[in-house]
Amino acid sequence: MTAWSIFEIMGIIAFAVSGALTGIQKRLDVFGVLVLAVTTAIGGGVLRDAIIGNTPPLTFRDPTFFIISALATIAVFFTYRWLDRFKYTIQIFDAIGLGAFTATSAKLALQHNLDSLLIVTTVAVITGIGGSVMRDVFVKEIPYVFRQEVYAITTIVGAMALYYSQAYFAGNIPLYLCFCITTGLRICCIKYGWNFPVLGMDSKRTVSGGRDSGR
Amino acid sequence: MTAWSIFEIMGIIAFAVSGALTGIQKRLDVFGVLVLAVTTAIGGGVLRDAIIGNTPPLTFRDPTFFIISALATIAVFFTYRWLDRFKYTIQIFDAIGLGAFTATSAKLALQHNLDSLLIVTTVAVITGIGGSVMRDVFVKEIPYVFRQEVYAITTIVGAMALYYSQAYFAGNIPLYLCFCITTGLRICCIKYGWNFPVLGMDSKRTVSGGRDSGR
Amino acid sequence: MTAWSIFEIMGIIAFAVSGALTGIQKRLDVFGVLVLAVTTAIGGGVLRDAIIGNTPPLTFRDPTFFIISALATIAVFFTYRWLDRFKYTIQIFDAIGLGAFTATSAKLALQHNLDSLLIVTTVAVITGIGGSVMRDVFVKEIPYVFRQEVYAITTIVGAMALYYSQAYFAGNIPLYLCFCITTGLRICCIKYGWNFPVLGMDSKRTVSGGRDSGR
């Protein structure tokens, strides 16, 4: 499972970097930036474990991810002025991590006898977006994943693939299938700028998009 | 228990509709609206189960409420422009759901050996307002139930009725008593516009209400 | 353990008072103020218990802290206009409570076989700042502990002291050591106004501090 660990670590780094940059931008102090980054990185998994009763959370029993997210945050403290150059790399890391966590979370849900498609998918979505929702709530923003980008839908498609493919394939094949679909789809979303529609309260406003233009 | 299920389903629909309308109003994308609506509908119960250790949450073991809240949200996507006409019906559904969830949550707390009046009441309140507090936090509002309306107090009175009546009545009578009191009181609050007082930091401001007038 | 209980009760009172004053200032209704105060007081402990799987939470099994926080809130309703005079006393109570909860939470984590330094510290931090983070999120503020004051770091130092000293001292000595360090350090922070640095996104802005000056 070494390749798998590397995928998850890439995700943890990307999530921590996104939390740290948000914290610096919102002018938190260094402790606040550290908490925000670690929360973004491991918050989704801790939330998943608290909800499904897998306590103490995996990350608390084996603090590897915790340490990596703290180290990534400290690295950001010294490099944040130049991180814009690596924006695309961080997005790829994030997509790889999203795929890895979707696969492991969906499998964890199945292992906890949650074998409805809807719930397996929900557990994967909570893990995938939980950290970034907490990050945005803490800095007083409406969660980004609810507003603009196709992010969680890739998790949904990946978790569905894992759920249906496990009847036909043995071993880790469903896990890898889920990973490839989630990560591949997410990279396409980034590359082609796919967005979800927003329903207008008023047809005129939808056409002009006026209410959002000031943001 | 069929009547009971119908009461709970009416509540789930009302909660999901309120979450979906809030999401559309705040211009979330369709995925964000769906997450917000489902969170509003089942969030209180999931929070209750995570806190009292009833994991995985009931809604995750039997996804009926989950499916109903998702279907209600999809229905809102096609009808939200005309839902204002049904505002009163939705409020009645909400009151019925609040009564049903108060009764089942208070009973669940008792079954988990939490037999202090204060805690039984707290568990009922968490279930009743948890979903709408999450909804408001996600869209960057101070939770509505903390500011304006007499909502949770009806849950408190209902849970107290269940707690004290269980010594005198057998079977499901305390449950129905709790339901009738909670729902009846809530409908009175809606009908007569009962509000809670707000304490002023400064007597002048309280009289003029100036600080709030700009909202 | 009577001295210990008194320390914890002083903390619960200070946390509840801070929640109640915030609620009044934000013009919540009396029910909202009560929920906010109780959440600030016991929220950190409930969150800790939900995460580490110590369910139902301690505060739900023995509602003493719950009752004290509710009584403190009711007292604030009648005295909030004059509480400014006791600001320093409340801060001292808060520091004593922080020390007591850091010690008991770190010990609870060790009892749950979470024996990594990082995780013991994290559990103590969640308990110490969890309530005030919830308070600030509910009233739409970026959590104060992330922005301005050295608060949680005293918990971190105290929890580390407990973790390392338990190998050398028997009985309750590590607990008292942790308490003295956390509370002592926190009182120094208040007295000398120690703050954490904020990283600037742009060197000019950091020097002038312009963005924050309007707050």
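Should a chain be cited, it is by its letter among A, B and C, assigned in written order, with residues numbered from 1 in that chain.
Keep in mind that, in the parts below, a contact is a pair of C-beta atoms (placed from the backbone, for glycine too) under 8 Å apart; a residue touches a chain by one contact, two chains touch by 3 or more.
Model, not experiment: these values are computed from the prediction.
Colleague: Are the interface residues of chain B and chain C largely the same numbers on each copy, more than half shared, or largely different?
Modeller: At the contact between chain B and chain C, which are copies of one sequence, the residues are largely different (under half shared).
Colleague: So what angle, to the nearest 5 degrees, turns chain A so that its CA atoms land on those of chain C?
Modeller: Angle of the fitting rotation, chain A to chain C: 120 degrees.
Colleague: Between chain B and chain C, what is the gap in Å from one C-alpha centre to the other?
Modeller: Inter-chain centre distance comes to 29 Å.
Colleague: Mind pulling the chain B residues that touch 2 or more other chains?
Modeller: Residues 50, 53, 55, 137, 140.
Colleague: Touching residues of chain C toward chain A in the complex: what are they?
Modeller: Listed in rising order, the residues are 50-53, 55, 112-114, 116, 118-119, 122-123, 125, 133, 137, 140-143, 145-148, 150, 152-153, 195-199, 201, 211-212.
Colleague: How about chain A: which of its residues touch chain C in the complex?
Modeller: 23-33, 35-36, 46, 50, 53, 55-57, 60-61, 63, 66-67, 70, 77, 80, 137-140
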